[in-house]
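Letters A, B, C and D mark the chains as written, and numbering starts fresh at 1 in each.
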């Protein structure tokens, strides 16, 4: 019988190894798997490459891993916010590497990683600093850059409701990067608000099919007031 | 006020021009926009390039356009079935051109067309007849072929319920190629079973957002027994 | 260096209203962070404009009432918003497929600099060790029309220039510039002033602008002071 | 040309059962059109195998009762099926992202020819003016394991050959071949017979096969006649 539920976040993240590539869902605090991040801070894996859109928007996001010296490289689109200080400090003394990708290119590279597409052309970032050094080609009269897929050893995602097969439904804009990151990691670990019986989720409404989820942890509801921590 | 509803299929397809590229959703008879096809047979546009997965599975699919001599080129993955005779005859006297694409490559090329990706690498069809003549490159130790996006002047899709903004929900496997084709045409025309008030569709469940749909026609329910016509 | 403009031109909300006036019924529009966000609050009655947010929604509505905020319903600036009836949710990859695929009728964006050719610099100032590109590059290559909505100058320095000195977001992408002082089109013949804000002279506008301007009509046309529409 | 085999080996449903026996609890599996489809009906009790269908579903269930067919709920062969609790629907592009992205544990497919190196030909016979590739090429490059499930010969001619003469679906992709006569692994050392169906001798099997076979164990191992499991 399929049972993807783990007892707690500590067990769910126990085997994340030094040097792993980790995809972290969420957009600021929305849909952020902050309990899994907290467990990984506790677990202590080092030299991680972390792929996440926002770095520094919230204190319980990827900023926590950076401040705990667990990250050697960041790939993101928006490395700013009230909690980006530790990132800036580490960039200045070159103890961390930063790769900025346009948000759509970041999303598409991850989608490609999950979809078996190793590389694709996009018009985004042509003629800009972020397109420098990349192969280019003209299609439809416009310059395009060749971008490479991103895959992860692990992905942390946050969902609203799940079943033991690993199907996930999201709540509103909590969806953001979570469904696409779920597709692109060897092991996808989801924290969810609720785990329901198989068959209870609307089959038309499952944004992350069970095939993409390997571990589930049920969390307690988010504390009140979390909405305004973005500063 | 946004109003995408057209009075009937004849008006919805009236401006399809000779030589247009037309994407046709459906998988066999499921999710097939057969009323729009019937209206186009009536309308008579010629020299069409038609992109559709199945050709010949059902009599009221693309086979009807072929038999009416409206098609100069077909792009599909599965050009067989009880109604493929006219296609075979026209191939034999070279009055139609056939391009066979692997089903996943076909879907991805259309998805790329809608997503602003002009070309991508895929491992599918490498070392095969369907990959011949295409650029190749090795990624991750495997040969990949470079595939080009597909876009259409028009798309015909079939949905279950819509609102006047053009949001669409599907019923079960009716979904198939319809959501992806909707993204890749200049004008997407949807036939649906029902048009409801804006706000009645579950926002978590809209598989084709309003931005992708330009014209809507409400059809009467499919006749009984349609399920078994696939032969 | 030009004088800080004061007491002339449009307020931020008037500027947002001026932009909203040009958005057409039925358009799908993305609003950038900052002043562009205000446009959501001033769409004229009777127009259905469907607002898009990069993080995965169409049909963005106004800010929620205090106490009604939902951390799972936020805009691209991570601020709580609401969803209009007819709105829907999707993933970030689907959201950018929509953007990059050319489906948005317009994006209204902020800028650090814009050149007379429509080059846009909006993601990084040279002194910034980080940069914050977000969806700006995707929007500028993807949306059918790029409207800038910004203060005309920054700390007294012109933002409209002959050539951008900041890193580019995209070249040749801006169609129209709305500032607190004027509405200016980027054309093959250069920057053409379509409208001057109340109290703004063409001479003054040119002083605040580091690229040559032309007037669209022979006479200076002064805008009516725009009330805030709802 | 070899003799038509008769009265020896597995029936189609026994063959499907033999395949089902090797599918592991929790696997995500795609079943091709034809005999592979039968596997859905013989998954052993107690195993949760989640079946995938190219046209956009996970959690394919058995055929509906007569009269309960729904034209909007069909499999890749366009036959009416049912959805198991826990199943879900998605688009064709999402379905093939799943396939090509390497997420399926196995695909069980039919074949026209398979070579001793695991090359597969399954989409076009040379005389066919059309070809019918469907999802076969995507499945063969994408699924973690490719199992063939087929009659050992076609009109008396071997389907297992040294080199495919029909157009390839993909080279070097087949892991295991299940036929009515045997279970054969494709290995770096060639074709290795893992199991012989009831009444089938190694010599007979080799006669029906146009590529050299090896036996996995020193003695011929005869399978128990498999009953149809449900």
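Please note the rule applied: a residue touches a chain if its C-beta (ideal position, glycine included) is under 8 Å from a C-beta of that chain, and two chains touch if they have at least 3 such contacts.
Predicted model only: the values in this text are computed from it and were never measured.
By number of C-beta pairs in contact, B-D leads when A-D and B-D are compared. Taking the mean of C-alpha positions as each chain's centre, the chain lying farthest from the centre of chain B is C. For the pair chain A and chain D, the distance between C-alpha centroids works out to 36 Å. For this pair, chain A with chain C, the centres built from the Cα atoms lie 29 Å apart. Work out the mean CA point of chain C and of chain D, and you get 57 Å between them. Contact of a single residue of chain C with at least two other chains is seen at positions 83, 89-90, 96-97, 99-100, 141-142. Within chain A, contacts with two or more other chains are made by residues 108, 111, 115-117, 122-123, 170, 172, 203-204, 207. Arrangement of the chains shown, judged by which pairs touch: an irregular graph that fits none of the line, ring, star or complete shapes.
Per the contact rule defined earlier, chains pair up in contact as A-B, A-C, A-D, B-C, B-D. The residues of chain A lying in touch with chain B in their complex are 108, 112, 115-123, 137, 139-140, 144, 169-170, 172, 202-205, 207.
Interface residues of chain A facing chain C in the complex, by the touch rule stated above, are 27-31, 53-54, 57, 77-80, 84, 87-88, 91-92, 98, 100-105, 107-108, 110-111, 122-130, 142, 160, 170-180, 207, 222, 226-228, 230.
Across the complex, chain B is touched by residues 53-57, 69-74, 78-80, 83, 89-93, 95-97, 99-100, 124, 129-138, 141-142, 167-171 of chain D. Across the complex, chain C meets chain B through its residues 25-26, 28, 46, 48, 50, 52, 58-59, 83, 85-90, 96-104, 141-142.
Chain A contributes residues 1-2, 111, 113-117, 163, 165, 167, 183-184, 198-199, 201, 203-204, 206, 209-212 to its touches with chain D in the complex.
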